[in-house]
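After this come two complexes, each holding chain A, first together with chain B and then together with chain C.
Take a look at the complex of A and B:
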């Protein structure tokens, strides 16, 4: 009996510990002033995106520069489904049934994230044939294509001007709940047979193929599933900011989310969470320095760009001195050592 | 007729610029499997060096810019890439991405995000008029420089000892080291050469546009990625050919696409990249080192 409970604790602990950290953080930060709560909300949204990216990169070992395009599709998809028709008539030029359509936020979010998955499936079928550098380039090209399209498709996305009028519902508690869900799903996937097969192919592709694993299919499953989570992150981003512009779905977000994953350690879920927390805290500190502070009557402020310089420097240092990331690619293990025998 | 000829001239000179950028990236890739994102930032640094030294004699401006770019390229290799040489290509790629981001924002920190303008070699902004065809002097210069550099590189790789060593390293790095090729010097010289190429592009680019922003290198380097893939990763001639092809493709799309579709031009270029990755991953010219090593 005790043995079975201990086994269960061992299995559940890696994800439970992370969830506890998130809940405690949310509870503490929700007591803080509004700007701090907004920072926390943004960090939870980033976390969902990073967990989504981790599901693919972490388990498959294949680099993707294209996941932010799923975020964009989720965000714009949900925007089109939730902006009031009167508003849509003014700013966009949609077919009548799309203009008239307005869904409650949760179905809209699920549909939008599913759209991301469908898109991931369509580009994944050809792209999952690639590996190594070719895969990185291919996913990058898909990001560039999505970016060019949403920046110019005036009728549907508003083009270069920002898309406004989205209902704002993502606060710290809503994003916490979705972040916990994403965490649970990611862990369930990675411990499932699909996740294990894919991780086997990450360690040794030839050996995985030899044991009968259909590596391309496993990669495609992870790609589509991770697109759903990242798409959901995009949805929450949209309903947190309330305004969408295409430039917020390109290289900057790609860099920051990859930085979070690399700094934490891209081979474990604990790494995704740790990286997001460390980078968010550090980014916020650097941003405070950028904004400046007063000493007596003197106002000191660092020039813009300090945050990015600091983060990219940290990322380089981690790559040079701790290439497996802060967590070394391990999960948080059950703290009590197994008894002998 | 004039329209067609004009477009051909445009395509060749744009292609020449892309070819030079792609060569700088292809050179490094061939030897150490690194796609150097930060190559675009080398170009950007050169342009800012011109801005910083503006007002001095133009020869000094050019020399300072070249020196800075070459020095940065060498330091980059020594500090960031040498310790990672045994890491896998994905780690190298992320490192170069971080480095690019670092340099970009360092310049932003110092000079601000607003575009700067600088005039350099103003004499080159005129036109030659031939039979009703207006050929910008700069395009002629760009094409001439590209040809000279290409011939120079070919001679260097074929005739000089270090050039031969570099070709050997590009073919099989481990084997080359076993027969006595010095890894450090070969890679350092590859970065030096890519710095020279980047510096020259900075000069040409500033003459052409006159404006600079911290992000100016990004779009150039993205195009160069497309060029190296199309040309064949790991093949130098392929990189040059790929650059030319992308230049021609861009100008052709600009001329052929309808007004509504023209903003999507770059999406078509990237779609061609994906097509190549899927259908002909070895590119137009197969580099002998193109296969992934186990």
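Take a look at the complex of A and C:
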């Protein structure tokens, strides 16, 4: 009986410990001033995106520079489904049924994230034939395509001008709940037969094929699933800011989310969470230093761009001295040592 | 003769297989059949095309000419994972474990690969680890193992697939005498317990002669002889292939 309970504890501890950390952080930060709460909310949204990216990169071992395109599709998809018709009539030029359509936020979010998945499936079928650097470049190309389309498709996305009028509902608690869901789903996937088969192929593709693993298919499953989670992150981003512009779904976010994953350690869920927390905290500190502070009449401020330079420097150090990331690609293990025998 | 064998269920066959690499003939006319419940040795000098033939039989190499048959069905051009799911397992000369995973996860992956769920795969992995005396190493990382154990995990992973045919590419290379003896017991055990046909590529003649029901000899990509161990030992073509013209 005790043995079985201990076994169960061992199994869920890696994800339970992370969930506890997030809940405690949210509880503490929710007591802080509004700007701090907003920073925390933004960090939880980033976390959902990073967990989504991790589902693919971490389990398959294939780098993707394209996942932010799924975020964009989720964000714009949900925007089109939730902006009030009167507003849509003014800023967009949609077919009548699309203009009239307005859904409650949760169904809209699920549909938008599903659209990201469908897009991932369509580009994934050819992309999953590639591996290594060509796969990474292929995903990058898909990001560029989505970015350019969104920036120019005036009728549907508003083009270069920002899209406004989205209902704002993503606060710290809402994003916490979705972050916990993402965490649970990611862990369930990596512990499933699908996740295990993909992780085997990450270690040795040839041996995986020889043991009956359809590597391409397993990669595609992870790609589509990860697009759903990242798409959901995009949805929450949209309904946190309330305003969408295409430039918020391009290189900056791609860099920062990948930096989070690399710094934390891209082979474990614990790495995705650790990296997001560390980079968010550090980024915030650097931003404060950048903004400067007053001592008496003297205003001290660091040069602009300190945040980007600081984070890049940290990533470089990690790559050089701890290439498996802060967590070394491990999950957090059950802290009690197994009894002898 | 061959079609009769095919009818009773278990054979893996190469028929007149040819493979070229950028104009160089790696295999030019190799044919062999492996029945269930038999141990077939595949020997030949370095560069004779033994591994290439295994690659053809497991779908990693598409033959330029000739065909592969599994229990009477033409399976030429099937992908490696399809053949693996149909019961053809192999090990690699370079072992190729899933280095960052534990020994247990390596073996479990074999069972998951052929379609088992987590629960049954776990049971099967436990069973195979017990069998191959690896249970105490189950939680060790695969890339931290000593060489001999690494090879044993490679075999365990293939056995977790419950194969009908198991192709072992130089499993004794680099093993000490004690480990070689253990390996021999394991291979005998595999045939007995799994009713599985074993193809054994090996340079260690003690292992080959002691284990095999039949031996197939490749030289310069061609099948030059096949027979019982005693016949092969006496065969002059085989001596010529191994030792050169002058010694015969």
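We take it that the second predicted complex is superposed on the first by the 341 of 341 C-alpha atoms of A that agree within 3 Å, B and C clash if a C-alpha of one lies under 4 Å from a C-alpha of the other, contacts with A are read in each partner's own complex, and residues count from 1 in each chain.
As a convention for this text, a residue touches a chain if its C-beta (ideal position, glycine included) is under 8 Å from a C-beta of that chain, and two chains touch if they have at least 3 such contacts.
As the structure is a prediction and not an experimental result, all values here were calculated from the model.
Quick one: chain B and chain C on chain A, clash or fit?
When both complexes are placed onto chain A, chain B and chain C end up side by side without any clash.
Given the touch rule stated above, what does A:322 touch, chain B (first), chain C (second), both, or neither?
Neither partner.
For A:199, select first, second, both or neither according to whether it touches chain B, chain C, the two together, or no partner.
second
With the C-alpha centre of chain A at the apex, what angle separates the C-alpha centres of chain B and chain C, reported to the nearest 10°?
80
Looking at the overlay, does A:138 come into contact with chain B only (first), chain C only (second), both, or neither?
In the superposition, A:138 touches chain B alone.
Contact-wise, after the overlay, does A:63 reach chain B, chain C, both or neither (first, second, both, neither)?
It touches chain B, and chain C stays clear.
Which chain, chain B or chain C, ends up touching more residues of chain A in the combined arrangement?
Of chain B and chain C, the partner in contact with more residues of chain A is B.
Classify the contacts of A:89 with the two partner chains as first (chain B alone), second (chain C alone), both, or neither.
neither
On the A-aligned overlay, A:267 touches which partner chain: chain B = first, chain C = second, or both, or neither?
After superposition on chain A, A:267 lies in contact with chain C alone.
Taking the superposition as given, does A:10 touch the first partner, chain B, the second, chain C, both, or neither?
Neither partner.
Using only C-alpha atoms, work out how near chain B sits to chain C after the chain A superposition, in angstrom.
11
What part of chain A is shared between its chain B contacts and its chain C contacts?
Shared contact residues on chain A: 206.
Over in the complex, which chain B residues touch chain A? Could you list them?
33, 35, 80, 83-84, 87, 89-91, 93-95, 97-99, 101-102, 104-106, 108-110, 112-113, 218, 222, 225-226, 229, 233, 263-264, 266-267, 270-271, 273-274, 277-278, 281, 292, 294
Using the touch definition from the top, list the residues of chain A that touch chain C in their complex.
Within the complex, chain A touches chain C at residues 191-193, 196-197, 199-200, 202-204, 206-215, 267, 329.
With touch defined as at the start, can you tell me which chain A residues reach chain B in the complex?
For chain A paired with chain B, touching residues are 61-63, 126-127, 129-134, 136-138, 140-142, 144-145, 148-149, 151-152, 206, 251, 255, 258-259, 262, 303-306, 308-309, 312-313, 315-316, 319-320, 323.
Please give the residue numbers of chain C that touch chain A in the complex, ascending.
Its residues touching chain A are 58, 60, 79-81, 84-85, 89-90, 92, 96-101, 105-106, 108-110, 112-118, 121, 157-158, 161.
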